[in-house]
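Look for chain A in each of the two complexes below; its partner is chain B in the first and chain C in the second.
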Partner chain A sequence: MFGRLTLNAFLHDFVQTQAVVGMVVGAIALVIGLTYFKLWKTLWNDWITTVDHKRIGIMYIVVVVIMFLKGFTDAMMIRLQQMLSVGDSQGFLDAAHFQEVFSAHGTTMIFFVGMGSVFGLMNLIIPLQIGARDVAFPFINALGFWLFASGALLSLISLAVGRFSGAGWLAYPPLSSLQYSPGEGVDYWIWIVQIAGIGSTIGGINFLVTILKMRCPGMTLMRMPIFVWSCLCAVILIVLAFPILTATLAMLSLDRTIGTHFFTVDGGGNYMMYINLIWAWGHPEVYILILPMFGVFSEIVPTFSEKRLFGYASMVWALLFITFISFVVWLHHFFTMGASPYVNAFFGIATMVIAIPTGVKIFNWLFTKFRGRVHFTSPMLWFFAFLLNFTVAGMTGMLLSVPPVDFQVHNSLFLIAHFHGMVIGGVLFGFFAAFTYWFPKFTGFYLDERLNWYAFWCWLSGFLLAFMPLYMLGFMGATRRLDHYEAETGWQFLFIVVFIGAIILFCGAIIQFAGLFWSIYNRKKNWDHTNGDPWNGRTLEWSIPSPPPIYNFATIPTVNSRDPLWEIKHGGSPPAKKEYEDIYLPINTSMGCFIGLFSLFFGFAMTWQMWWLAIISFVAIIVTLIIRLSSADKHKLITAEVVKKMESDQIRSQKSYG
Partner chain B sequence: MKIPKKPVLPMLIAAGILIFIILLMQPFTILKFGDKIGVLFPKGMIGYEQRNLLFIVQALMLLVIIPVYVLTFMFSWIYRADNPRGIYDPDLVDNVPAEIIWWGLPFVMVVIVSVLTWIKTHELDPYKSIESKNKEMTVQVVALQWKWLFIYPTEKIASLNYLQLPVNTPVRFELSADSPMNSFWIPSLGGQIYAMPGMTTILNLIANEPGNYRGSSAHISGEGFARMYFNTKVTSKEDFDTWVATTQGTTNKLEIKAFNNLALPSVMDPQIFTLEDPELFDRIVNKYMHH
Partner chain C sequence: MDKVEKGHSNTQLDLLHEETFTRTVFGFWLYLMTDCLLFGTLFCTYGVLYNQTAGGPSSNELFSLKLVFTETMILLLSSFSCGMALLAMLKFQKAKIIGWLMTTFVLGAAFLFLEITEFKDLIHDGHGPDRSAFLSSYFTLVGTHGLHVFFGLLWLTVMIWQVITFGVNIETFRRLVLFNMFWHLLDLVWIFIFTFVYLIGVN
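Showing the complex of A and B:
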């Protein structure tokens, strides 16, 4: 009846029990809160069934914040264990639990925090920047979100029921094979990533079509904002790379459930193929995360330098160049597997080539500031922190790309320092910059600048302290994922320094979290009275009120330059005419949420091998899809009269509030 | 925009000081730990070459990084919004010669590093034997759950979690595993390579100074993997021969049965064996070949 699931799966050690109790209490508090404030109806009508890209974007960000706190807690546990577990001391986690923690940390941060922030930003910004009222496939977009949310929920469930994978965030076989990991952990990992990954694929398809087909009149490809360009490159990568992930995971799960031999050691399987395939997805994946953040900075730096972007065409070519090259470098993740020097040198050099367009981008940002008027607002602070850390991480990336050097630092903490410089210094700081930059657009008020200023210093100093010593630890022979080491290694001193850095980082995250609630509480004081253009912006999203009305643009704009709003402000083109028309928008649907829910059941059933539940939920997914896809597209009408009234109401309330 | 003014100069100075402190930590760490920093103070020719290559690439990269840092601080200060003397030129959005410079500069840098990479990757190919006046020796390495087994086929001995090598003698490591994938790494001697079940990989290293060097597995292979470290003792040829003779005299015998016991998941202290089964390594590699 319950497959492999027994009561034992609910028994955990002290540390994990605390986490589970915290999670359950949180969930109960949420339910009570929703009931007390009578919010269930709002939640269902305005959020769960919505197909509005802005609301879906906000839901992505909410999941990101929750998963970020989980991933960060994992990180603090790793740091604490590595500081304590020296010589005779065993720390506070046993080896198996420690390995689950770092596997969960990587999985959470890449698949939910990283991908979530990318999709959150794409949902929120792309339609507004290309002058569209909607995305190309609103239902597919909602479905993508709900699959993503199911994956996230399944990973939270894995905390409470059974054990998570201890095979690292990419679960290399043979370690992840049935032979060496017979438990449910790797299956949890497979289905968490599989469900979220399918959500990413279909979400990517939606945005690919949205960008190519839904741009407003006059917006040629070479007039798109760079953020949209960077997202176009990212979704091309998503559409090409994620199917590889899906197929690879499918093969791994077949190996584990029905005994095929794709990646096994015996029976003619080849686990090196898994490592190739997973990185054929995995390397494009890191560019899927960083490219949109390059786009974010390309929007922020010009706005706060009161200039337009320097070298637009260069920026576009650099993006396309990176997109192409990112598919031919995957082998640099395993130079140490014994390939010939010809193979290693080829992939090493291909990797270095990426430094050229990346360098060009950095110089273009710097020269956007040149002869500008640079305002150090919150987003610019994050750009500053990004530049300082990303260049160093880029440099160490160059070192890693030279195979003979890589042999000496691969799998060491040097590598950890390098890629955290990329994902924290690049992706996370980029997300923080985007969050502070576009926050007023979707709420109508600013985030508290002072608290952000403190958070910025915590993150900058904390990052340097928490990750720079890791380079030296790598040189000392400290490898990644160690739950214990001998006192004679002398590493403990640096691990203590690193832990202090991690605490400072944690303070930064807490300040930001508090800052978010403080800003909401204090919103009257921080109200944006500019009718939707708080930063003196250049692109279309700043030409509409904040928060944007459900239809985004009352009048579809026509553009004739790269920075349409800038042109209007500088007299280059006439202000947009206000002509109201009837607007049709897709109606809400609960199908996306239901398919997400059935996928959650399916993933859980497959993990625990409850075949009956797996079959039922799979059939339910297919039936729901068929019902949805065979029903006629229904739209709701907003008449020109109503649009006109909504516009003037919003402008009035925006100006008078606070 | 009703944004409180940030003190730009104190901010830049504080960031500069932070970075300076972090940079200053490096020489202190180096002075404090010295030879424990195996990658920077290698004791073998391969590690030495790899370290030098690291320094060269690092120096070349600094030629790009330092200007970026200088420009970041300079432009932030000169073009701050409230600088009365800052030149403001909002239409400066294109400059072909300038862009050629920053497409060209990284390009030249990458070409130089690429040539270096091509040459050095071939020169330091782990499969390539090391030239030396001393005769090369072979050590077969088997990664187990969770220990390292070293087989000396010529000397007919074996050791567990302990590796002894003669100084100035090229060593050809043949690696395999009867466990999930591991990575064999002795930082003081040189770069690592994976040890994989059902396969053989090769790593050529040489130790040029006597001493004790820590080796470990750099790749996760299950619960006990953190305990997969071992001491590499490099001694004179004479001391090595003495150790071989002692080991040959031990009653602890290694054949397939004893090996199968060792291969069970566990963590163990160092041991020495006489090698009863000269084909043992091939048997381990071919374990998954069905005839």
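Showing the complex of A and C:
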């Protein structure tokens, strides 16, 4: 009846119990809160069933925040263990639990925090920047979100029911094979990633069509804001890379369930093939995370330098070049595989070549600031932190791309320091920059600048303390995923420094939360009175009120330059007044949420091998899809008069508040 | 976009349908390309593991071209009838659409039946997917195609029901176009399987 699931799955040690209790208390508090404030109906009507890209974007960000807390806690546990577990002391985690913690940390941070922030930003910003009222497939977009959310929920469930995978965030075989990981952990990992990954694929298709088919009149490809360009490159990568992940995970799961021999040690299987396949997806994946953040900085730097972006065309070509090259460097993740020197040399050189377009971008940002009027607002601070850390980490990456050097520092903490510099210094700081930059657009008020300033210094100093010693430790021979080491190594002092750095980072995160709540509480003081253009912006999203009305643009704009709003504000002819028109918008649907829910059941059932539940939930997914896809298109109508009234009301409330 | 500015609501709804059509067809093309990549990954795997028979039978001991040729012809014919259904729809001939779609269904089901028989015989003889890496990749590649055909048949059932209930309108037309794209792609993938797995395999 319950497959492999027995009561043992609910027995936990002290550390895990705390996490479970925390989660359950949180969930109960949420339910009580929603009931007390009578918010269930709002939650259902305005959020769960919504197909509005802005609300879906905000829901992505909410999931990101929750998963970020989980991933951050994992990180703190890793560093605490490494600080304590020296010589005779074994620390507070046993080896098996430690493995699960670092596997969960990587999975959470890449698949949920990274991908979630990319999709969140794409949802929020792309339609507004290209002058569109919606995305190409609103239902598919919602479905993509709900699959993402159910993957996230399944990973939270894995905390409470049974154990998570201990095979690392990419679950290399043979460790992840049935022989060496017989438990449910790797199956949890497979289904968490599979469900979220399918969500990403369909989300990618949606945005590719949106960007190519739904730009407003006059917005040629070479007039698109760079953020849209960077997202276009990222979704091309998503569409090309995620099917490989889907197939690879399916094969690993077949190996584990029906005894095939793709990646097994016996029966003619080849586990290095898994590592090749997973990185053929995995390398493009890291560019999927970083490219949109390059786009974010390409929006922020011109705005706060009051200058047009330097080298727009070179920026675009650099993006496209990176997109292309990212598919021919995957082997640099395992130079030690034993490929011939010629193969390693090819992949090493291809990797180094990526430094050229990246360098082009960095110099373009610097030249944009040159002789500009630079404002030191918080998005700009995150840009400086990014510039410093990303450049340093990029250069250590260049070191790693040299195969003989890689042989020395492969799988050491040097590598960890390198890629955390890329994902924290690049992706996370990019996300923070985007969050502070576009926050007023979706709320109508600024985030508190002073608290942002404190958070920024915590993150910058904490990051340097937490990760620079890792470079040294790597050179001293400390490997990654180390749960214990001897006192004679002399590493403990550096690990203590690293943990202090982690605490400072944690303080930064706490200050950001405090800042968010303080800004909401104090919103009157931070109100944006400019009717939607708080930063003296350049692109279309700042030309509409904040928060944007449900239809985004009352009249579809026509653009004839790269910085349409800036041109209008600086002597360009104002846009011709267009008549308000009737607007059709897609109606809400609960089908996306239901399919997400059934997918959650399906993933859970497959993990625990409850075949009856797996079959029922799979049939439920298919039936729901058929019902949705074969029903007639329905739209709600907002008449021109209503649009006119909504526009004037919004402008009045924006100006008068506070 | 000129139409919008002149716009009264009816033209705007038409425009909406027109836009939905082009977007959906384009989006579905992209989906098909992701599907191609999925098959591409499985083809690569098959190529790598082709010789890894682990002491078990190799491809020329297992495959019979006669059966596979029949399967191929059936699938090609089903693609033809599916195209005919679309042509009938352009002429608003409801009965013909349903007839051709049903032909497609029968042919597709026959294909699937033959494939399942082949799989059953192989497994019965002890040559199942767990025998060797070669057979794992063979079953997965061909089976994934079979799974697509199965979902195609499911889609076809819904399609026939839709044409019966709603007749020919912008939505059923769009859906039949998408179905045609899907079905033809399966045909194309099968040609590759026929060539790389079976034709090369028996020699």
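The rule we apply is simple: the second predicted complex is superposed on the first by the 654 of 658 C-alpha atoms of A that agree within 3 Å, B and C clash if a C-alpha of one lies under 4 Å from a C-alpha of the other, contacts with A are read in each partner's own complex, and residues count from 1 in each chain.
To be clear about the criterion, a contact is a pair of C-beta atoms (placed from the backbone, for glycine too) under 8 Å apart; a residue touches a chain by one contact, two chains touch by 3 or more.
Quick caveat: nothing in here was measured; it's all calculated off a predicted structure.
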One more residue to check, A:Glu581. First (chain B), second (chain C), both or neither? second
For A:Ala632, decide between first (touching chain B), second (touching chain C), both and neither. second
If we overlay the two complexes on their shared chain A, which of chain B and chain C does A:Tyr271 touch? Say first, second, both or neither. first
What's your read, chain B or chain C touching more residues of chain A? B
Once the two structures are fitted together, what part of chain A is touched by chain B and by chain C alike? 266-267
With touch defined as at the start, can you tell me which chain C residues reach chain A in the complex? 1, 4-5, 7, 9, 12-13, 16-17, 19-20, 22-24, 26-27, 30-31, 33-35, 37-38, 40-42, 44-45, 48-49, 52-54, 129-134, 136-137, 139-140, 154, 158, 162, 171, 175
Chain A to chain B touching residues, read off their complex: 95-96, 99, 166-168, 172-175, 177, 180, 265-267, 271-272, 305-312, 314, 334, 336-338, 340-341, 344-345, 348-349, 352-353, 355-356, 359-360, 362-364, 366-367, 369-377, 381, 384, 387-388, 391-392, 395, 398-399, 401-412, 446, 449-450, 453, 457, 460-461, 464-465, 468-469, 472, 474-477, 479-486, 489-490, 493-494, 497, 534-536
Which positions of chain A touch chain C when the two form their complex? 136-137, 140, 201-202, 205-206, 208-209, 212-214, 217, 239-240, 242-244, 246-248, 250-251, 254-255, 258-262, 264, 266-270, 273, 277, 556, 578-579, 581-582, 584, 622, 626, 629-630, 632-633, 635, 637
In the complex formed with chain A, which residues of chain B make contact? 1, 3-4, 6, 8, 11, 14-15, 18-19, 22, 25-26, 29-30, 32-33, 36-40, 47, 49-51, 53-54, 57-58, 61-62, 64-65, 68-69, 71-72, 75-76, 79-81, 86-90, 92-95, 98-99, 102-103, 105-107, 109-110, 113-114, 116-118, 120-127, 179-181, 183, 185, 187-188, 190-194, 196-198, 201-202, 214, 216-227, 229, 288, 290
